[in-house]
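One chain, chain A, appears in both complexes that follow, with chain B as partner in the first and chain C in the second.
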Partner chain A sequence: MTSQAHDQLAAATTAPLSQRSSMPSIGSLVRRPEVGSLIGMIAVLFFFSIFGGANFMSSGGAASWLNVASELGIIALPIGLLMIAGHLDLSVGSMVPASSMTIAILSGHYGLPIIVGILAALGLGLAVGFVNGVLVIRTKVPSFVVTLATLFALAGLTLGLSVILSGSTSVALKSGPIAKLLFGDYLGGKFEVTLFWWIAAILIVGFILNFSRFGNWILAMGGDAVSARNAGIPTDRVTIALFMSSGLCASFVGMSQAILYNSAQVAAGQSFIFNSIIAVVIGGVLLTGGYGSVVGIVLGTLTFAIVNQGIFYTGFDANWASLIIGVLLLAAVLMNNTFRTMALTYAPRTKLSARR
Partner chain B sequence: MTTPLLRLTGINKSFGPIDVLHDISLEVYRGEVLCLLGDNGAGKSTLIKILSGVHRPTSGTMEMDGRSVAFDTPRDASDHGIATVHQFGGTFPLMSIGRSFFVGAEPTRRWGPLTIYDRKRANEIAVTEMRQLGITRIDDGDRLVGGLSGGERQALAIARAVHFGASVLILDEPTAALGVKEAAHVLRIVLQARRKGIAVIFITHNVVHALTVGDHFAVLIRGSKAADFRKGEKSREAITDLMAGGEQMAELEAEIESFSAADDGHAPRGASHV
Partner chain C sequence: MKAITKLLTAIMLAGVAATSATSAMADGAKIFVIGGKADDPFWSKVKKGADDAGKVAELTGGSVTWLGPQNYDNLGPDAAKLIRTALSQKPSAIVGPDWVPEAMDDAFKEVVAAGVPLIIYNSGGMDAAKRLGAMNYVGNEEYAAGLGGGTYYGSHGSKNVLCVNTLPGATNTEDRCKGIADAITKSGGKSTQLPLPSSSFGNPTAVAEAIKAAVLKDNTIDGVITISAGDANSAANAISQANAGDKVKLASFDMDETGLQRIKAGTQMFAVDQQPYLQGYLAVSLLNGFANYGLDLPTKPVLTGPGIVDAANVDATMAGAAAGAR
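Right, the complex of A and B next:
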């Protein structure tokens, strides 16, 4: 969606300045950062549609990987923005269960209204994100280390408080029909409603990165934080906002999981740490920041989910899925590097000399 | 003459016990190119950092248009119209030309209830400004900065400074990493900026480049201003001598001569490597 608008705008921009062929050439497509991830996704889809048989292509099969993609995708989007800005957030791995336990203990164990649990869970996410952001900008310690620390601290806090408050590491939650419908239902018995929240998140994050000034600030910060600050970008505020958004999204996923499964466990969600990074990197975001796209992140998320779930539809042992993901990750990064180099070295065909 | 746009008086800078700059006084006028010459380690970079707000001088005063100023941050300096372009130009290689041109000052337009980044206008202005500086190869503001040549990046950075109304343009070794043709183009751009009434401070150790564009020259040697003269007052050889620390050079020559006299015209091993 956004890329189409992008291309139309591009055509409009260059038209008065040059006589280049008006056709959106293959070259201009190849220069887009998400080409590598698109090729990757098509390849795995093709692979599993052959080896996965009819079941994989059925709506049930599609639901299985779309559900995984939507939960992962909601977290991968803000993680992607953070990575473009040159940061990492590992604490999402603890944020998901912390949020699940918050809503389950408040609304399940203590029987408070579900809305209290929801707001508390989301509020916790924002608070943890705020703490992460402040720690990163105040201490100047790399965000990898800061969020690794908060990952463990939050995991310990969740476990300790859960046992003190509820006497258990697993708490049941009964939510009303409205909360169920909004956050924890299956459409057609198969598709989680989180899918729609993911779509909403894609639109919002896509708007932010491509069409808002804030998006430009994120790109600039990832490119060179010092120059970005000198150019007048409020880098501290942007950093805190980005960490708060990843905290919010992780807590949203934890909260909706608790409503979906009617219970919460202390140790769920660690897989989101690496899975979100993998999805984002497959999607062509540069780990060191400064480069990436929302379309790429979405494609990377889908690719990851297809491999993760598709393996169950093939005759292969499911244990091989991680091997495939590992190989895929490496291949995707190499391919993304190639396409990025092509984008950098591209020169227009009408070569007018710049130096007379 | 009129009051200088920028005047430094008795600037000293020391980092702990090390004196880096000693009693530097300079005047920069509108529509003039001041060439700051000096060997590596002469204190050029420190002086630029003071001018662009990265460091504060230990003592001494800075005046702009006769009013005393002090810069706490690089942002302060750029708010006063001082723009610094570094050796490699743009610092965001993976951003598009339009986006990096407007970093921190993005043009926006209304889109329904939302205010959005006006990519089309940003690209158009960036490309037009670059074309005005003679970079005609660039016609697409969506291209990544990293795909530009060194000279084109310099041009982009200078175009950006000019567009945002810089009155003092500091160019830190803009030609050092460039080939002969590209360097010539950048020099032409410097003259264009000068014609617009901008005060240009051109830092270089290339005497030929300096003489091509400079109106006014200052030579720094080990943190002090060794010479301050106007165009035509000194020959190229005299300036080169000055930069290398003329006396030292003469001493060295005398030393080699005495060696060759002693060794039947052959410099001893080691001396030939000096």
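Right, the complex of A and C next:
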């Protein structure tokens, strides 16, 4: 870890990662850390294509896990960046319903234009992220604890305000055709438009992590935050930006779910906390930070979604679903770890540059 | 010694209650209602029913007082305190839900020992009413609600109904699904339960995709019922994604505005309603009639559900919802 962090520190002030890699050979491709995640995903896909039957392999079946993956994935990307930088954000679990309720109360209950609801929901996400980031920097309390506190605080605020403003914990929302088309529609009657937002998010985050100085800063912070700051990286600014991005992404998912399902409930979204962390960890990001990739996070998200939804295409008794999910996830993570260890401990025989 | 003290207290309390009852006779019935928080969407409907029935009590010089906890953090003990608070104010009658029998039964027994007429409502069932010596039970029974939903499905030709349970293992949701299954079996069909893991709870997309998978897997499914109004929103999307809207009839336990709009638009067949307004209204009315005129309804328990909301009565229901009674 330490030596890797030093490599990244050296890189942080020089060129982005992408410009330092040499031409990839087949050997170096196999040793890429994402290979474990890829094999894990292919394995679960294979498993469910055998037990899930023709429906699982149909476009409807693919939509099943892609829809779940796209919403989870939009949240998992910034969570992944945060974890690479050595932080956690549990408050997304409350951010999703808070954002849903914001748009439903403003545009549904009070009948304001939908754009007001959308902007307010996204603005709330940025604001909560900003508060999280400032609290983490100023208090020096681990982000796990800070965001656990904001998780509860935001849940209470959402419930309290919803009841005062709308007199209910469940608010209906009717949105116009443009909002529906952009955020809450199905393509071909099956694929959520959220899928395209996820692809856009993957490209943006992929660019940031691999082709910008900001990406190097994130990796360096997770490796060793103190050295990163000493090396001149504005760690406070990076931390706040990361928390704001996770707040924004969580509020985006809450907002689009409210439009998609024409309603919002106070008691929703909590499953995103662990599901996003699980997806990121399956994707090979270390819980301790400093290591991870966008491709890995995407593969981890897909793996989790396939396991979580594939079960309903099989003939297994659904009572056992949680057990099967647990076992398959553990298998995927173990496979991943094996490959990461292989990738990290590989000693190149000829040139030093093959290390990455 | 202790037993004697207890006996003396009981006699004293009974004496106090007797005198208060006579004095209450003169200026109408003083009825105390124990319920949930008044800002809880469910309990606000119960309270509206109790308040509306209270207007009759007020005409004869009586009163209805609502006692609710500040929060639900310590429900059993808090509710037991509310029962004792009500008893200390020399009531003519008390209405209360038996949410947490372990914590609340002693307080209810004090009410009965003091000779104050008691009706159990909303939860506990007739069993609790009998155990505590209450006059009656007014409320819903989950199994009966399931039977009502299943019978409706059966009489509308559904043969294979999926009961989507997002809280598997909880007694009330299991009872709902069991009621559905038993009623449909009687009409020659069948019903299976779809229990969803906790990793799906609170994520409408995961719930929707699971329902879609189940509908695609078994193409004989012609009905889907969810245990809550929120899950029905997911199920509606699942059915349209599976392109099965013509064949699969959607229903839900409880209802919200979105669900009512679906029933009006024809994309949901019905909702099973436990009619909370009636719980407050009937319980207070029964006690007012008993305290003033000695009236006692022989029907025990008084079930307020299942009420069925479908295309035939959805307009009236929506008007009721706008008035805060549905």
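Everything that follows uses one rule, which is that the second predicted complex is superposed on the first by the 322 of 356 C-alpha atoms of A that agree within 3 Å, B and C clash if a C-alpha of one lies under 4 Å from a C-alpha of the other, contacts with A are read in each partner's own complex, and residues count from 1 in each chain.
One rule holds for everything that comes next: contacts are C-beta pairs under 8 Å (C-beta built on N, C-alpha and C of every residue); 3 or more make two chains touch, one makes a residue touch a chain.
Since the model is a prediction, treat every value here as computed from it, not as a measurement.
Undergrad: Between chain B and chain C, whom does A:S212 touch in the aligned arrangement: first, second, both, or neither?
TA: The first partner, chain B, only.
Undergrad: By the touch definition at the top of the document, which applies to A:E192: first (chain B), second (chain C), both, or neither?
TA: second
Undergrad: Between chain B (first) and chain C (second), which does A:Y261 come into contact with in this model arrangement: first, second, both, or neither?
TA: Touch status of A:Y261: second partner only.
Undergrad: Look at A:I233 in the shared chain and tell me whether it touches chain B only, chain C only, both, or neither; answer first, second, both or neither.
TA: first
Undergrad: Now for A:Q309: first (chain B), second (chain C), both, or neither, which partner does it touch?
TA: second
Undergrad: For A:F48 in the superposed arrangement: first (chain B), second (chain C), both or neither?
TA: Neither partner.
Undergrad: Enumerate the residues of chain A that count as touching chain B in its complex and touching chain C in the other.
TA: Touching chain B and chain C on chain A: no residues.
Undergrad: Under the definition above, what is the set of chain C residues touching chain A in their complex?
TA: Of all residues in chain C, those touching chain A are 39-41, 44, 168, 194-206, 208-210, 212-214, 216-217, 229-230, 233-234, 237, 240-243, 256-258, 261.
Undergrad: Within their complex, state which residues of chain A touch chain C.
TA: These residues of chain A touch chain C: 53, 55-56, 58, 60-61, 63-65, 67-68, 71, 97, 163-164, 167-172, 186, 189-190, 192, 257, 260-263, 265, 267-272, 274-275, 308-309, 312-313, 318-319, 321-322, 325.
Undergrad: Which part of chain B faces chain A closely enough to touch in the complex?
TA: 73-75, 78, 91-95, 99-100, 102-106, 108, 111, 114-117, 119-120, 123-124, 127, 134-144, 146-147, 149, 151-152, 181-182, 184-185
Undergrad: What part of chain A is in contact with chain B in the complex they form?
TA: 9-10, 12-14, 17-18, 20, 207, 210-213, 215-217, 219-220, 223-224, 227-233, 286, 290-291, 340, 343-348, 350-356
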